[in-house]
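Note that chain A is present in both complexes that follow, paired respectively with chain B and with chain C.
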Partner chain A sequence: MNVVLDLDGLDALVRVLRRDGRVVVGPVLRDDAITLAELSSAAGLPSGWGVETGPGHYRVRRRADAAVFGHSAGPQSWKRFLHPPRRRLLSSDSSGLHPAEDDAPNYAFLGVRPCDLAAIAKLRQIVGGRAPFVVAAQCTEPGELCFCASMGCGPAAGAGYDIALTERIDSDGHRFLATSGTDEGAEVLARVPARPASPNDLALADQDVEAATRRMGRAMPELDLRDVLTANRDSAHWETVAERCLTCGNCTMVCPTCFCVSVEDTTDLDGNAERSQRWASCFEIDFSYLHGGAVRTSGAARYRQWMTHKLGTWHDQFGTSGCVGCGRCIAWCPAGIDITEEAAALATMMELGGERP
Partner chain B sequence: MTTWVPTPYEVVTRTVETHDSVTLTLRPVAESLPAFRPGQFAMLYAHGVGEVPISISAIPGDGTLVHTIRAVGAVSRTLHDAGPGTVIGVRGPFGTAWRLDDAEDLLVVAGGIGLAPLRPVLGHPAKRTVLIAGARSRQDLLYQDEIAQLSDVDVVLTVDHGDHDWHGRVGFVTEPLASIPLDPDRTTALLCGPEPMMRFCARTLLGRGLPAERIQVSLERNMQCGVGLCGHCQLGPLLLCRDGPVTGYPMAEPLLLAKEL
Partner chain C sequence: MPTIAVWKFTSCDGCQLTLLDCEDELLPLTEHVHIAHFLEATSVSEPGPYDISIVEGSVTTPDETERIRWIREQSDVLVVVGACATSGGIQALRNFADVDEFRSIVYARPEHIATLGTSTAISAHVSVDHELRGCPIDKGQLLELLTALLAGRKPDLPDTSVCTDCKRRGLTCVLVAHGTPCLGPVTHAGCGALCPAVNRGCYGCFGPMNRPNVPALVPLLRRSGMGDDELHLVFRTFNADAEWT
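And now, the complex of A and B:
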């Protein structure tokens, strides 16, 4: 099903999703960043705001138009809703052990970029939970740090959306081509005021997304990254990265697929105990703790673990790459370390047989 | 989230093994867990303190669980101190088991507390079983009375530091390993102990003609969830709580050779 919505139609879509009992979450402008929060109407979307990104750099900027989805990945991802930063697991008292209730709301995510759509699938493959209703926003304007095309995760929305929107602003007005991906998506769209899509609407959307493929700011080397990382296990290059890496863990926190958690136990003065999990990072010194000390103490070993897992051993564990090419880890690295640059350096070293490039 | 909910077990007996290790026998309070196989581990939860991975160290077959615990941190210290009647939480069984199916001769090599996960295989009906166990000192050797009574196992014990009460071997387990009679065509070797010990033992065995495919090692990393969800126990491509702890040496060797992996 293909229809065209205007801004009122988009607002109606939010209302329909809310009326069905869903918590609608989408991009909003907050604290000088495009963050994710509950929306009560489409008026909350960051109309006319874009972003400017670079290694270690992120700024919102005024756009020349009123686009609501004209911004690349922000500091948050949908991970915080599907895999919350902190979650209670169980409590324990004199009457026994009590599992925590699963109190996750019935989410509808609005404006999910294709990279993040892929990330949601990768994350849910591991952490499970209730499937959100997904309204994707196809990417027509990649950012400086984007490389989803080379990860096969965009700029067109892949599988997994209920509705995919393609935003367009031209002399014919501000509108969204809406394509249903599931029966549920079609059923929702049928309740929203819209006009049928013309062949021209479809052609323009294809053309805009196709053009985005060629405007990616970054690309991963076109090699099997698993081989690159295995060949470089003992490479001196990790030391070179470690000279810049602060092991702060920002990359893992902003990554939409990094799923690691640590379990914490607490007690109160009445003798009741609680277990909870919180996001963990492989950059924490305690992450690999065994009696006697941590396994990965050097920054080089910790960066190698993160990058090797993300791009290499994720395949062994989950049959896919852990990276979707959203570029967040580059923007939010205080040292501006660029995973695509490091992959390229390692790829060159592999081709040179271990020599420094 | 049921993954995270331990099943209550009660301590029935507590046997002091060494100055820092005890063996606990646990009985289900109500529901019981599926049967454990030798080499697998449980997550043992001490109320309010935390949870640690502990291998199964005997399989009596009566629904009880037997775990040997060395006090090395806050949680293991609390478990070590748990007397009869204490209720602790158990999750499991987790991980891979020793593969014994086609083993004709069994060679069991253990270092320190590494003997605990190997203890259940000592009763396996092999044509010949050899146990080489090492420890820091006589006071650190586990199950000494039980080992003395093993009738159909060739036992070699060795310690790093001898004293006036020790009349046996002093040195690393690799030394007897290099010289004991061994038929490389029919031997399956099971190794558990510190990583350098396992590496040097494996190297000795490879040198004696034992194929890497018939060497198994038990590997350890920071296990927390037990089901491959928390990410802490990664060793290269492996999530050791799920893909280990028992790992074939062809897979383990390159991973053990990399520093800080």
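And now, the complex of A and C:
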């Protein structure tokens, strides 16, 4: 099903999703960044705001138009909602053990960029949970740090959406081509005021997304990264990266697929206990603590672990790469370490070494 | 019932006041522990030994070097709290200057002041079982440590960066998005990212995290507008004598 919504139609979409009992979450402008928060109407979207990104750099900027999805990945990802930063697992008191109830709301995510759509699939493959209703926003304006095209995760929305929107602003107005991806998506769209899409609407959307493919600010080397990482296990390059790496863990926290948690038991004065989990990072020294000490103490070892898992051994574990090319780890690394640049440096070393495993 | 003693060394008392600041939890706590010595709360002082001693402040006088040994002998578990006790505090500025000169400027009759040339952490004098960072310490961390000790479990006190807490809270990075200088990437977690939560940069009052990479942060702080004086000030104030590098 393909229809065209105007801004009122987009607002109606939010209202329909809310009326069905869903908590609608989407991009909002907050603290000089485009973050994610609950929306009560489409008026909460960051209309006319874009972003300027670079390694270790992020600024919101005024756009020349009123686009609501004209921004690349922000400081938060949908991970926050599907895999919360802190979650109680069980509690115990004098009456026994009580597993925590799943109190996650019935989410509808609005404005999910294709890179993040892929990330949601990768994350849910690991953490499970209730599937959100997904309204994707196809990417027509990649940022300086985007490389979803080279990860095969965009700029067109892949599988997994209920509705995919493609935003366009031209002399014919501000509108969204809406394509249903599931029966549920079609059913929701049928309740929103819209006009049928013309062949021209479809052609323009294809053209805009196709143009975005060629405007990616970054690309991963076109090599099997598993080979690159395996060949470079003992490379001196890790030490070079470690000189700049703060080991602060920001890259893993902003990554939409990094899923590691630490499980902690706490007690209170009345003898009640609680087991909870929180986001952990492979950059924390305690992360590799075995009896007697941590096994990855140097910055080099910790960066190698993160990158090797993300781009290499994730394949062995989950049958796919852990990276979707959203560029968050580059923007939100205070030191601006660029995973595409590091992969390229390692790839060059492998080629120079002349050996492939 | 386990006994607790709270001791003051060279400090401002702010960290031990954090215990009194546990308003909702203080009375329930006294049902589980017996406070044997805590001059901020009561002038009654009972003799040792003590199950848990909480020590605030740094060692700056000859008398304190003796007293901390006695407290260690009297205590089963020794907990040090705050920047003074864990790294020497603000008064460790003397470690980089001439204490006699300070003394002559500050006091009318400097000959009456018996002081050491250095301000040092408690761990420089006796073995320490647990430490809480901060200027002042975090109330939640203090309660976490006390409840852990009472239950005989490991306290949950991560030694990673402030950034991990900042990101879990869902805050936007002030360094990356606003260009505000922030010590979060090298500073020990525990405050819950208090300053970034109000759009301010962390100034490192919890001291260095486990293995910080300060040389990598300094150019970023300079890029966000810090000059030599400001850099000197942030690393040489609350935890001047800590091992930042």
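Everything that follows uses one rule, which is that the second predicted complex is superposed on the first by the 353 of 357 C-alpha atoms of A that agree within 3 Å, B and C clash if a C-alpha of one lies under 4 Å from a C-alpha of the other, contacts with A are read in each partner's own complex, and residues count from 1 in each chain.
Everything below uses one rule, namely that a contact is a pair of C-beta atoms (placed from the backbone, for glycine too) under 8 Å apart; a residue touches a chain by one contact, two chains touch by 3 or more.
Keep in mind the model is a prediction, meaning the values are calculated, not measured.
**Q** Quick one: is A:T297 in contact with chain B, with chain C, with both, or with neither? Answer first, second, both or neither.
**A** both
**Q** Does the superposition put A:T267 against chain B (first), chain C (second), both, or neither?
**A** Both chain B and chain C are touched by A:T267.
**Q** Could you say whether A:I126 touches chain B, chain C, both of them, or neither, answering first, second, both or neither?
**A** First partner only.
**Q** Taking the superposition on A as described, I'd like to know which of chain B and chain C A:D32 touches: first, second, both or neither.
**A** second
**Q** Please work out whether A:D316 is in contact with chain B alone, chain C alone, both, or neither, and reply first, second, both or neither.
**A** In the superposition, A:D316 contacts chain B only.
**Q** Answer with first, second, both or neither: which of chain B and chain C does A:D103 touch in the superposed model?
**A** In the superposition, A:D103 touches no partner, neither chain B nor chain C.
**Q** Classify the contacts of A:Q76 with the two partner chains as first (chain B alone), second (chain C alone), both, or neither.
**A** A:Q76 contacts chain C only, not chain B.
**Q** In the overlay, answer first, second, both or neither for which of chain B and chain C A:H57 touches.
**A** second
**Q** Following superposition on chain A, which residues of chain A contact chain B and also contact chain C?
**A** Shared contact residues on chain A: 265-267, 273, 297.
**Q** Quick one: which bits of chain A touch chain B in the complex? Just the residue numbers, please.
**A** 89-90, 92, 96-97, 99-100, 102, 126-127, 233-234, 259-263, 265-267, 271-273, 275, 277, 280, 282, 287-292, 295-298, 300-301, 305, 308-309, 312-313, 316-317
**Q** Can you list the residues on chain B that touch chain A in the complex?
**A** Against chain A, the touching part of chain B is residues 1-2, 4-6, 8, 47-51, 72-73, 76, 89, 220-222, 224-225, 228-232, 234, 236-239, 254, 258-261.
**Q** In the complex formed with chain C, which residues of chain A make contact?
**A** 30-33, 35, 56-60, 75-76, 80, 85-86, 242-250, 253-254, 264-270, 273, 278-279, 281, 283-286, 297, 299, 331-332, 334-335
**Q** Tell me, which parts of chain C touch chain A in their complex?
**A** 25, 28-29, 31-32, 144, 147-148, 150-151, 153, 156, 158-161, 163-164, 167-173, 175-178, 182, 184-186, 199, 210-213, 215-217, 220
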